[in-house]
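Attaching a single structure in structure tokens format; questions to follow.
A, B, C and D are the chain letters, set down in written order, and residue numbers restart from 1 in every chain.
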Amino acid sequence: MVPRYSRPAMTAIWAAENRFKIWWDIEVFAAEAMGEIGMIPADDAQKILAAREAIEPVDVPAIDAIEAVTKHDVIAFLTWAGEKLGPERRWLHQGMTSSDVLDTALNVQLAQAADILLADLDELLAVLERRAFEHKLTPTIGRSHGIHAEPVTFGLKLAQAHAEFARNRKRLAAAREEIATCAISGAVGTFANIDPRVEEHVAKRLGLTPEPTSTQVIPRDRHAMFFATLGVIASSIERLATEVRHLQRTEVLEAEEYFSPGQKGSSAMPHKRNPVLTENLTGLARLVRSAVVPALENVALWHERDISHSSVERFIGPDATITLDFALARLTGVMDKLLVYPERMQKNLDRMGGLVHSQRVLLALTQAGLSREDAYAKVQRNAMKVWESDGALSLLDLLKADPEVTAVLSPVKLEESFDLGYHFRQVDTIFQRVFGRSA
Amino acid sequence: MVPRYSRPAMTAIWAAENRFKIWWDIEVFAAEAMGEIGMIPADDAQKILAAREAIEPVDVPAIDAIEAVTKHDVIAFLTWAGEKLGPERRWLHQGMTSSDVLDTALNVQLAQAADILLADLDELLAVLERRAFEHKLTPTIGRSHGIHAEPVTFGLKLAQAHAEFARNRKRLAAAREEIATCAISGAVGTFANIDPRVEEHVAKRLGLTPEPTSTQVIPRDRHAMFFATLGVIASSIERLATEVRHLQRTEVLEAEEYFSPGQKGSSAMPHKRNPVLTENLTGLARLVRSAVVPALENVALWHERDISHSSVERFIGPDATITLDFALARLTGVMDKLLVYPERMQKNLDRMGGLVHSQRVLLALTQAGLSREDAYAKVQRNAMKVWESDGALSLLDLLKADPEVTAVLSPVKLEESFDLGYHFRQVDTIFQRVFGRSA
Amino acid sequence: MVPRYSRPAMTAIWAAENRFKIWWDIEVFAAEAMGEIGMIPADDAQKILAAREAIEPVDVPAIDAIEAVTKHDVIAFLTWAGEKLGPERRWLHQGMTSSDVLDTALNVQLAQAADILLADLDELLAVLERRAFEHKLTPTIGRSHGIHAEPVTFGLKLAQAHAEFARNRKRLAAAREEIATCAISGAVGTFANIDPRVEEHVAKRLGLTPEPTSTQVIPRDRHAMFFATLGVIASSIERLATEVRHLQRTEVLEAEEYFSPGQKGSSAMPHKRNPVLTENLTGLARLVRSAVVPALENVALWHERDISHSSVERFIGPDATITLDFALARLTGVMDKLLVYPERMQKNLDRMGGLVHSQRVLLALTQAGLSREDAYAKVQRNAMKVWESDGALSLLDLLKADPEVTAVLSPVKLEESFDLGYHFRQVDTIFQRVFGRSA
Amino acid sequence: MVPRYSRPAMTAIWAAENRFKIWWDIEVFAAEAMGEIGMIPADDAQKILAAREAIEPVDVPAIDAIEAVTKHDVIAFLTWAGEKLGPERRWLHQGMTSSDVLDTALNVQLAQAADILLADLDELLAVLERRAFEHKLTPTIGRSHGIHAEPVTFGLKLAQAHAEFARNRKRLAAAREEIATCAISGAVGTFANIDPRVEEHVAKRLGLTPEPTSTQVIPRDRHAMFFATLGVIASSIERLATEVRHLQRTEVLEAEEYFSPGQKGSSAMPHKRNPVLTENLTGLARLVRSAVVPALENVALWHERDISHSSVERFIGPDATITLDFALARLTGVMDKLLVYPERMQKNLDRMGGLVHSQRVLLALTQAGLSREDAYAKVQRNAMKVWESDGALSLLDLLKADPEVTAVLSPVKLEESFDLGYHFRQVDTIFQRVFGRSA
């Protein structure tokens, strides 16, 4: 975890305090279940349950000190926490194995992290929707291969981003569901010394699903899927960040990351407003993605478990979720305050002297009766002049002045072919599809 | 694609013939829709539709020859296919862009590939279920860290594999749904020259969902999710393959890949039956996983598209799906015919002279009234003798001969603590969870 | 291997014919050594050596047919090749193990592949050097964050690419040296049935180094390093390809991939010259990089070997080298014929009305006695006007018209601050460092 | 960075104090050079040089407080550090750009990290050498595919590990050389406002090489190569760790991670000594490797730089080096104190009743005149009996009792074929190759 790329709520999930609180919940709820099914005395179970809040504030240094002696984290915690109880403490952890606590707690943390990420995505989606409607009909040039193609609207770009992040939200919800499982099944997953009803009860209390079958641990294909999903979301962040970086290039300058009025650019160069936030997002995307391969490598544990996954998860659990949370929030901020320059968009759109309309003129000439080859030749010779003028000449003007063209298409018809509105007739349809509304 | 790791049905999906047939379907169904909504003459549309089968057999060399001139694959195909039609050929591809055909066709191929993989998973699941029930109560030692822990059954191991691949099936079904989209939206996704109803119709005909909003291309986060899912499945294959490799080790030998009676091992060493199929699966898993990162890197295309994704997909599209299909089928074969040695399992289980039961004896002593410390000391001193004998002594025998133990626990009670059945009481519960039935 | 991204010489390395020829060389040279040290009769060894060319042309189908029966590739080959010999054939492969042949042969193929790649790099370096000198003093804007910064020359950009690929050449030479080893050490690497002198002799004959110690196989950390190096080279390709893609953007257009006079752009849009080659290179870079992780995962083979690496290498061996060869050649072609537009570079450089010189004016004012704050304010107020004019105003003109500025700096001095030459004084130094010459 | 997987010396490299000290060195030495070449007054340069130690102790919170205002780390540091100087402070950073400091400092940190890692490797190599000689002739079974093959010595296994880590040492030395460069070349690498001699001087003072040509930044192919090399080393760690994990398996138990006499295994199960250190190393290897892909993705920065690499490096710079340092030290500890059980090795070797010698018997029979087929049949029928007895019968005994065998080979000759020494004749040769000495 790098502090500058973290936010408090997500960081708190990975703090020792939260981990211990979850451990305690698992132990307490397990005791509750054991009391109910008669594994331990009902009274003692109730005492343990009543002490659920008693461990707060968690004294992490004290627990660490015990662990330094016992060399075992769960035992250290239980020793410390047990002191909050009377003799009923002896029922704690009955028939359970450390991994029951550790793995279930990790999944609770991941589910908590997913909840924050889902909320992050909701905020991003709200911003994208607002700005998409704001620029629903703001004309801008569509580019394939970085080269001008045909007109689109800036709102369409944002609607596409919205659709992509809506897919990501759905994926993350599925990944959260996958990871939100509970296993309290003993040393090798046979429930040899613990009743499966304990697992079911704890799961219910913690809002988890009982793991249908675990070994000593919860199977790591679940975690692999979880981190793979984060990697996909990170890649979508990179895509939108890259779009902004392109738009802010000096020669394009159709949009800019927000720059406060008082903010000083690079010394005396007022144009030096760098898209540093989206560049940063590009790097953070690489980082989140880097968790995917080790998470996949973690799946093939030996037999009923080996512990190779653990060190990996100590890194990627916090790093991938904290970084993704930060990145989503940063992206939301960027899109929320993005400075959009419709005039520059129009200027760039016009830069090619109307060449972006040549396809449609071609179509109009064909529909007016010219053969495709003939129509092509007429458009092409005028288009070349415009191109060679570097945008100084206008294709429409040249066509209007070309008698072979005007013989077939009247100036009015020609002008119609240069109508941007033609390209935007289906914007409502697309917005309807993406947002369920077009206005 | 490496021929030795491929199977015909999946390979055929990626053959030029299949690609061209899908292209033709897209063009034909698009024409049908155009006819219906009046974009082109209804009669001509019907003629085109009637010629749907006319392109078979596809003459790939002829199309390649045309492409060598036109330098454009879709145009080359249309030129060749158009000859199967009369003058109505001029309506083909009206208002469409090459990517409409290419991207939709790729998704059809990926959906077809997913269907085969889903069927592969079904076969694997059926085999795992059959063998799990076959060995539902076959005792074997559970191992954590490669070290003997407590008893499990071999059927439980297989049930765990079943649960994991059932999750993978669900993930793949979701990934298939993600990828099964259709885009016919023109050069920059605005439907400038094509009616969205054409897209909807083609999607319906091909069993796809219309892409809510595309640019020139279908967004690549869908493909990233698809290949990431294949990577997770591959990792699960690695896990089960690794289990078999471990079980087949000379010192363990609890199971072996099938070895036909006549098959000759390494020259004169009859023990030299190598788990080469599962070792191979381990390698193939690495290969399938290697598609994940480039698929993630493909997401951030520039603006309305760049073509960097295309070369990547030409490799990973066939390679990842063909290899995974082969790997799943190979794994199914391995598990179907796996030679299982219950006697060796029992022998290994007994190898430690009953030490695997020490936990339970400890519990029994405590329940019989000894303090935990006291019980521990008594078990420990006997356990150490067994351990030092390298399994020659039996823990049960020693305990029966230890008067301080028998003073608390009768021989009958002691024997109960060594009952394997105790560990397997919940096997039915687990099978019920995994298979929906326990017998 | 995808045929469209392959070239014949590299592909031939991975063809069965070449593999079999290398196998034969290994067997023949091993026999030669055995004859020399008396392991086999000297006469027979000479007969085998004399038959070195006899296996050509290699009849691959015949060998495949034998393998279909024997299920063993090396035995199948030896059976077929042995027929070219008399009774001396029985000495072939004496005391050797299949992996001695397979692993040494793979390394020969990788070394051959490296030789082609080194030659590819040499061609690329030659082109970069030629074009760097051609544009040594062609002014262009340097950009950080995609935003105009200060002037550089186009030749400098190319010199930087040259320096990077010269590093890659050095890395590849080291990787080739790593991989060019020979192991003929028997079933577990102990030379139990083969004299180490055989290994030394074969190594010498094949231009390899004897592997100091092998197990059954050559250790895979060597291959991991090899493929990691290819991944670094691929990333450098991506960098230069990305530079070209940026330069070709419609709004920038400082350079373009070569476009033959007769070549037809997208229908009637003459500006639609897409940087498809460099986009393709970006994708190919992702693909080559994807070999790195599986190559790293291949290192940890079990004990004296497992065969999981083999399937991985059947893919990445050919794919990574063939693709990288193709990519290097394509990049060389792109850079060789790159259309460079110095006028557009100058135009873009001037686009900001001289703001790129503001830093230097600031310095000049400070050196002329103004405080830094004072100088900054004077430059800033004029710079803002230029910026707001979108390049219509000129900073030099405004400064010349600002009496508070001219009170300190004469127009001549001001003009000096706008001299591009100032920025290029060290170009010779840099060229000297990179090329060992500056002219 | 995860504290439990870190060691102080490496962690200190990445602490703010160290970074600031390096920044100061760069600034001070740059001033020194500027004084020498007359860019700034020589006296002032000497004053700055004289203050080299003056910044200690570095007041990180004070610098952070300034950065909170200036939003610029280098300026914040210079503001704070400048207070240690008189008016000569104004010469600090003259003509330099932030990246000159940041990038050079990062490379100093990476070189410092490499030095620690090289020392780590030296310690590991020393341990491996000592233990290899200790077990130079300790017989143990060699395994391919996890199946018994032919005898090796435990010392040979360690010699192979030594050879592999010696290669890694060489690779790391090369990677260190690559990364140990210095760039002080101004905003776009043209030395517009700084003399190249400053760069050369600072490089010399810091033990670096001047970067032949930089843009605003040092090219990232260097860093990619550095982290790729760490990934290879991590994979070698995984290989040796996996070997130990295999050897410690209950059924194998030829070696164990050190377990102190007083250390308590899992409650009452004395056999439960888990190879947790090497399992942990397996996970840490995955983590170090995960830095490779983002480092490769960092290479293709846009134009003269974008800042996407920076956030990635803030993670992987510390994480990969700290974790690798920890892992190497842990591996050294494991190998240093590894409990080796030669008796168990011999027992496992004998487990197959001498089948591991069947190859050599076969050879002896052939050399004694039997046809290969005949010899094979005789060995095979006896070998099968041994195999079916699960090691209870002895191949040597059976062969001695087989008159058709003894008719050709005397008991003495037969016994010679079962001599382990035969397999170890070349151990000296191999040790000579690996260690330059065989005793």
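The rule is simple: contacts are C-beta pairs under 8 Å (C-beta built on N, C-alpha and C of every residue); 3 or more make two chains touch, one makes a residue touch a chain.
The structure presented is a predicted model; accordingly, all values stated were derived computationally and were not measured.
Just to note, of B-D and A-D, the chains joined by more C-beta pairs in contact are B-D.
In whole angstrom, the spacing between the mean C-alpha positions of chain A and chain B is 25. Here the CA centre of chain B is 34 Å from the CA centre of chain D. Chain A and chain D have centres, each the mean of its CA atoms, that are 35 Å apart.
Residues of chain D found to touch two or more other chains are 143-146, 149, 245-246, 274, 276, 279, 282, 289, 293, 297, 302, 306-307, 359.
Interchain contacts join each chain to each other chain, per the touch definition above. Interface residues of chain A, counted against chain B in their complex, comprise 142-146, 149-152, 156, 159-160, 163-164, 167-168, 171, 174, 178, 186-193, 196, 210, 212-216, 219, 221-222, 224-225, 228-229, 231-232, 234-236, 238-239, 241-243, 246, 282, 285, 289, 292-293, 296-297, 299-307, 359-360, 363, 422-427, 429-430, 433-434.
Put simply, chain C touches chain B in their complex at residues 2, 4-5, 245, 274, 276, 279-280, 282-284, 286-287, 289-291, 293-294, 297-298, 302, 306-312, 314-316, 319, 323.
Across the interface of their complex, chain B is touched by residues 141, 143-149, 245-246, 248-252, 267-276, 279, 293, 297, 348, 351-352, 355-356, 358-359, 361-362, 376, 379-380, 383-384, 387 of chain D.
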